[in-house]
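Pasting the structures in now, so scroll down.
Across the two complexes that follow, chain A remains constant while its partner is chain B and subsequently chain C.
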Partner chain A sequence: MKITQGQFSFLPDLTDAEIRLQVQYALDNGWALAVEHTDDPHPRNSYWSMWGNPMFDLRDAAGVMMELDACRREHGLSYIRVMAFDSRKGWESIRMSFVVNRPADEPGFELVRTEGEGRSVHYTLRSYATSRPSGARY
Partner chain B sequence: MSALAEAHDETVDLQALYERTEIGKILEALDRDLVGLVPVKTRIREIAALLLIESARRDLGLQAEPPSLHMCFTGNPGTGKTTVGKRIAELLHQLGYIRRNHVVSVTRDDLVGQYIGHTAPKTKEVLKKAMGGVLFIDEAYYLYRPENERDYGQEAIEILLQVMEERRDDLVVVLAGYKDRMDTFFRSNPGMASRIAHHVDFPDYDAQELFAIAGLMLERMHYQLDDGAAAALCEYIERRMQQPRFSNARSIRNAIDRARLRQANRLFAARAAPLDRAALSTLAASDIRASRVFLQ
Partner chain C sequence: MNKSADIKITDLRERYRSGVLKYRQMGYWEPDYEPKDTDILAVFRISPQDGVDPEEAAAAVAGESSTATWTVVWTDRLTDSEYYRAKAYRIEPVPGQPGQWFAYIAYDLDLFEEGSIANLTASIIGNVFGFKPLKGLRLEDMRIPPHYLKTFQGPATGIVAERERIGVYGRPLLGATMKPKLGLSGRNYGRVVYEALKGGLDFTKDDENINSQPFMHWRDRYLYCMEGVNKAMAETGEIKGTYLNVTAATMEDMYERAEFARSLGSIIVMIDLVIGYTAIQSMAKWARRNDMILHLHRAGHSTYTRQKNHGVSFRVIAKWMRMAGVDHIHAGTVVGKLEGDPNVIAGIYDTCRENHVSRNLQHGIFFDQPWASLKKLMPVASGGIHAGQMHQLLGYLGEDVVLQFGGGTIGHPMGIQAGATANRVALETMVKARNEGRDIWREGPAILSEAARWCQPLRAALDTWKDVTFDYASTDSVDYVPTPTPA
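After this line comes the complex of A and B, so read on.
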């Protein structure tokens, strides 16, 4: 099951040329880029690991692509996303975030039902991948 | 007719390409703004021609590896290495060799870290900032300190070499430094020497060229010399060239700055009289002759 998080996630995976164009768009707007990775695909997992520091003052997408390639070499079996941070007053937040790398095999989620008092049922999602320890999931 | 035979008949209009890329204008501006420096201008012309032919070849489908354009500028202080470095970015951008018209100018401090593990991220960060444009490393010989074998400069050099080789289409590296010290630097880093295709030597200026440079500087700052001042400046240059720590155009710029200071002082002392445009923009002989250069 292909997980859909962030921008462009309902489209086919972006090619490197398309990623480069998106990154250049962010740089042209003066946003700082960051590369992050994780192997926990849960939608509420918002704290991904940073790949190096966020990149400020870049002019060309080549620098980001270099970091992305390095991250793929190390974490090719994880989810990797590229984020663009807008530091301008009033925004001070993420303007773009899209997945650029995903494991070949995504097992998807299990719907877990917990029965409570008075036959009430609580539902939660659990990723099949996270049943194994981090680092051995994909 | 087969496609291949057809391809042989194609021609390319170099003149049109020349006009479209506006190289003529850039080279003209280079001639106008930079006095002397004949070997430098010749090399820049050659590079421009190479890139023009390269793009013509590309139009006809003749594929070749893009030429390596990493450069090393050597020369005495004040011979215009940094100025030319900035112009190179503009030129290469216009010729379509680099994607952005920007120069990231760094020295040892920006590349080399202070403790183990600090250098690599620091160097990489600088390289990422320079991607797409020109990385100008001033006083590059400081990167290598032979007296300290545990110096982190070596690490920075290795990362630099790797990126210069792998990311050739993303980045042009320009090293600059004094001739003798760069020679020592290359002798101890043969890998660096062989990866740099263009070694350009900046000659010292002679007195006439320095006077012409002074003229350009004054023009840009909207000053003029009266007749006495022009003669005084000529004499000043002759004398200054004989003295220690002479650093070509930089010395001239400093001399002009000090002359401006004296002119301002002179005008301020006589502030009772109204000043016109000419008085505000003219340097007199006394402004230049007050220099300590004339005392010796």
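After this line comes the complex of A and C, so read on.
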């Protein structure tokens, strides 16, 4: 399966030139870019590992692309996403998030059903990959 | 104008002599009044009966929506009645509409109970709407001062927290209302939920009139829907939700349904506008206590929002609902099958989403409205929209909106999943193109056609609905500019 988190997961994988245009859009809006990676893609895993802090003072998309390349070299078998943070009053949150790297094989999730009373079912998503230790999953 | 019959009587003995006075004589017309920062302001469109002077009509509206009755009462003299009287302070002719005026009225903060939409509306849209000397009366806009706003909870969740909760940023959310809206069994209904979410939607939705009918009782629906939601989550790795409608006959029933939805792990429940303002505020407080997104379907509103000569503008309803504390509100599509002039819709969307809305007569906004950090209310665009309009939808409505394609998902020739995929691909393609700096307004159809070359479901959607438009004149338009027709 293909995990479809992020803004552009239903499109063909973005080329570096396309990623750069999105980064530039974020910079033009005054947002800070960040690169994050994980080998635990559970949809409620909010905190992927940060590839450094968000790049608050960066003005050039090339800088983000360099960090992304470095992250890919080290974590090429993981999910990597680019995020944009907006510090403006009333937002103070994420404004963009898109996946730019993913493992070749994505085993996906098991839906674990725990049956309860009155026909109710308690659902748990379990990632097949996380049964192995971090670093040995993909 | 200067006749003594038309001005406020200041001699108190004369003022309180038993009998009937004009509203202007009673003191409800104060053309020199400077509204205070703490006043609640309203602008009404008034259509006086033939022979009724517009200033007198404005004064009557101020009177009947605040302290007045039809005759003089001595008991006014037991209070600081001057202070409690609403004051009509300005009238303007409505451009291009002979016989209609905009009447501006100021209400003191002390006329209203804190945090109560019911109390606010009992005055502002109470008896006055049946007042005989007026042919018609429409509440066009209100200014709610921060002093009063801050007595309301505001949206239980808000746009920012909703996005953080479901992990979707930088694009409109996608939804679909389950069809047929009535008649499916619980099991069949859950199938549609699953297919649509698996195909790429973020949300599916009960329709307004799905409650607990003989063909499908509510518990059955919730159980099957949550199976569909969780299956789709496991197969996509995304957070999904379905708006479980908890609308019911009593608050007790609604709480029971909402608690059950929560116990099943649903992230969102929904209510209908017809449950009433107090019930809406109760559910908003419940939603805040229970980390639940609260969707509001505006069932019933067109009975009073659509005609310009009488009723309440939807921008006022949107304002009240942001105060009351819902998280989603159906707010128009411009291009779809339901009423929606582009300028009116822009004013409503700003009212939902901005932290400060400036006076903008072209958008129907009569007052500066600071929102005092009340959370943002997510507008929902629903009703007769399809993938081929994605550039227009993104252009008109922006990014913080739920785009709901019911027929445009479920009616897809290749199936429900394909319908959902077509919408998601069209959306992501258009957002990507916009961010890349392309002129989506002009190039939109070409951008969709490019994507349709590799996405067969999108190709089929474009072919099926390419000529569908709902190009009718709006009945609720703004009078300050000629009414444009959506492209």
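Definition applied: the second predicted complex is superposed on the first by the 134 of 138 C-alpha atoms of A that agree within 3 Å, B and C clash if a C-alpha of one lies under 4 Å from a C-alpha of the other, contacts with A are read in each partner's own complex, and residues count from 1 in each chain.
Basically, a contact is a pair of C-beta atoms (placed from the backbone, for glycine too) under 8 Å apart; a residue touches a chain by one contact, two chains touch by 3 or more.
The structure displayed is predicted, hence computed values, not measured ones.
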Could you tell me whether chain B and chain C fit or clash when both sit on chain A in the superposition?
fit
Based on the superposed arrangement, let me know which partner A:M66 touches: chain B (first), chain C (second), both, or neither?
first
After the fit on chain A, how big is the angle at chain A between chain B and chain C, using C-alpha centres and going to the nearest 10 degrees?
100
Which of chain B and chain C A:P43 touches, first, second, both or neither:
second
Identify the partner contact of A:S93: answer first if only chain B is touched, second if only chain C is, both if each is, neither if none is.
second
With both complexes superposed on chain A, which partner does A:L21 reach: first (chain B), second (chain C), both or neither?
second
What is the contact status of A:D57 with respect to chain B (first) and chain C (second): first, second, both, or neither?
first
Residues of chain A touched, compared between chain B and chain C (which is higher)
C
Chain C versus chain B - closest C-alpha approach in the superposed model, Å:
16
Dual-contact residues of chain A, meaning touching chain B and chain C, are none
Please give the residue numbers of chain C that touch chain A in the complex, ascending.
160, 163-164, 167, 169-171, 200, 219, 223, 226-227, 230-231, 233-239, 263-265, 355, 373, 376, 421, 424-425, 428-429, 431-432, 435-437, 451, 454
In their shared complex, chain B is touched by residues of chain A numbered 52-53, 55, 57-64, 66-67
Using the touch definition up top, name the residues of chain B that touch chain A in the complex.
99-100, 102, 121, 125, 127-129, 131-133, 167, 170-171
Of all residues in chain A, which touch chain C in the complex?
1, 3-5, 7-12, 18, 21-22, 25, 41-44, 46, 83-84, 89-98, 108-111, 118-123, 125
